[in-house]
């Protein structure tokens, strides 16, 4: 949307040439940068593009798209090749992992899932390579890489490490909207309610804390932005009145404050703390205990709500509680 | 400056659209997608080979009678009035009582005599009669082996009335076609993985919907696995076994399985009950203590005690 | 207590809400580094009272363990009335005092913003955060007709409440607002990591102002094709947090009132 006064045309910003850029065979910047002036209404940067390709980037993209393609194939397989049904029942498509460890017996019985998991694992690792290479090129400290690797650690724990520890790929989430959401519930039901897992509690603390910190930090900068507090690199060197007021606001409110550099330490550690605590919590499931509620009762963190069937604890898979009247359970036919 | 409110409006409309134009999410589907294109079979398996609901009647009245395959007690000519022949299940009942029972069966199933009988020879055995005999003994067994012990062990949960033909059939020779329900055959505990647990959870949704309750009616979600002491949970265990036994022993093999919904029909206890297993007079199904059927787990929603 | 070097420049009385209404403000002082103000006094009183009642109630219930100690809400039979102290009255009292203290805290932040002559974004964000508490403990119980719908004041007790409430509506993950809120939380965490890494990765304490800043923009343009800018990233973070909180409020407001079964919610028309 046009503003009333003519806006000075800002030059397109491009990175300076660097030896490290040229070292990569696929080292090209894609596209022409465009200026979307309406973004200045939102007070965000108006230049879109270019994007760096790079060998790592190409590898990551190719693997990601391949994974998408295999997922699409698996989906079409589920709806017997009918694309309209695929669209309508998109949320119900479920690409399931196989039972047990080892290779799946057939594509439908977990083969698709294993292929997609391999492809997307490769894609995220390639993205980490891209991250490292660009950080080095732009002379950044590797905080972003550590954060990305922590996130990969969490997804790898959920999709790979934990299933291996407990002996079944089927404990990992299937691919699919509905099945991923249901996995969260089913995992918790199976493992005795993850709310009582102390690392899960820590992870939620960090997750909600991250949102709280973003609310605090974002609000603080927006409130003092007219005095230049958002030029954070400059503020770290020498604080302007905006940063001083920001620090004082929190000091007067809650008795202590961060500074332009240290607040970002808080932010980074809360964000990375979220994924690292989650990863620990997931890998401990099945290792420390197979029932977090009982673990909580035994360690005094959870009140005991009623009689607990203890015979099943720490046996996995868990045997069914005995039928109360002595009638034998008749197994389903053909099992 | 029009841009900002316009963008907000677009965002709100987009969010609202995903909620209003609900794409179907049906987590009770345990197997391949049930797109409605299958011809029948157990819902959720997409198994097209099982017929939707076989019927064993009405009897073909024009077919010739073949006495070589009949039990010895069946007379070759039959004159109605006074004498009973080929009675295998309803033993010890007089003629008038048997005819009265027949009247109740026809009401409960919404059929007439020619559904099970060859009207030229009521004693003649038909496939429908064979199924009916199995059903009659089943009804008696349900009450004596399952329901009566439950009433004895959990007197607070007793309900006046007994299971009869009408409880499942409700005026149709086919038991009501169940929807959104995974049969108990697909329940498989111990769960070896989250995926297996998912099948169990899906079955539980079906159970909950069959009874018109939520998970907290039988469970405390603090731990589904080890906290199974609620009376409703204990009763459900027995009901599970009962349904399994019925499906294996009494119902014909080529019809749909019965599930919780078949009798419960969305209520905590079946509303269509009869006086006794042999007396099919409908009764008002009232609970002796209706207040206990409130959510046993509800007080634990807040966690203490 | 130590003051920051520049603190004395800004530490002046005046400009508070109380003064705006009543003309004078006798509460306009600091205790050490803490600003008091009228709302600070209200907050201090309500916090002190609330914590005392908390301790008394926990003592009466008997379990002092930090994780297990539990103050439950009233039972279903109380409805929207007042309950005896040990049968939910303690809960009601603490919730009222806590809500008052949160509101007082927020207004105190407004006072501090007026003093420092900065924007009111922080108290605005805090109000949204309080709204989650108010929705859960006051608004939704009012809509449902029963104080029993609030959550226990307890560490693991409130977690059990969350778990049971989720299963009460069959599968809370299928609540679309919940899914949007979760998306918001995860996006917030990711963007937080990106912003933290950006500053920590590039900051330079070298006082030379000529050290260029543009390598931040060029990194993000190389990496993801877009650099939102120093001001823009803070807008993004702020509005992500706002979005997340609004979705959270909606997800619990619609459960039990409009929708009682989130699995069945998706059943086609």
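Order of writing sets the labels: A, B and C. Residues in every chain begin at 1.
Please note the rule applied: a contact is a pair of C-beta atoms (placed from the backbone, for glycine too) under 8 Å apart; a residue touches a chain by one contact, two chains touch by 3 or more.
Note that the coordinates shown come from a computational prediction; the quantities given were computed from them, not determined experimentally.
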{"item": "Which of A-B and A-C has more C-beta contact pairs", "value": "A-C"}
{"item": "Most distant chain from subunit A by Cα centroid", "value": "B"}
{"item": "Whole-Å gap between the CA centroids of subunit B and subunit C", "value": "49"}
{"item": "Chain centre separation in whole Å, for subunit C relative to subunit A (CA means)", "value": "23"}
{"item": "Distance from the mean Cα position of subunit B to that of subunit A, given in whole angstrom", "value": "44"}
{"item": "Multi-partner residues of subunit C (at least 2 other chains)", "value": "70, 156-157, 159-160, 163, 166, 171, 174, 266"}
{"item": "Residue numbers of subunit B (touch at least two other chains)", "value": "23-27, 220-222, 300, 303-305"}
{"item": "Of all residues in subunit A, the ones touching two or more other chains", "value": "42, 91, 178, 182, 185, 193, 196, 302-303, 305"}
{"item": "Contact set on subunit C toward subunit A in their complex", "value": "4, 6-7, 9-11, 30, 32-35, 63, 65, 67-68, 70, 108-109, 112-113, 116-122, 124-126, 128-129, 155-157, 159-160, 162-163, 166, 171-174, 179, 184-186, 188-207, 209, 213-219, 221-232, 234-242, 244-245, 266"}
{"item": "Subunit B residues within the subunit C interface of the complex", "value": "15, 18-19, 22-28, 180, 205, 208-209, 214-216, 219-222, 297-305"}
{"item": "Residues of subunit B defined as touching subunit A within the complex", "value": "1-4, 23-27, 29, 32-33, 35, 149, 153, 184-198, 200-201, 220-230, 234, 237-238, 241, 244-245, 248, 300, 303-305"}
{"item": "Partner subunit B, residues of subunit C touching it in the complex", "value": "70, 72-73, 75-76, 148, 150-152, 154, 156-161, 163-171, 174, 176-177, 180, 260-261, 263-269"}
{"item": "Interface residues, subunit A side, partner subunit B - complex", "value": "1, 38, 41-42, 78-79, 82, 85, 88-93, 96-97, 99, 166, 168-174, 177-179, 182-183, 185-187, 189-190, 192-193, 196, 291, 293-294, 302-303, 305-310, 312-313, 317-321, 323-325, 327, 329-330, 332-333, 335"}
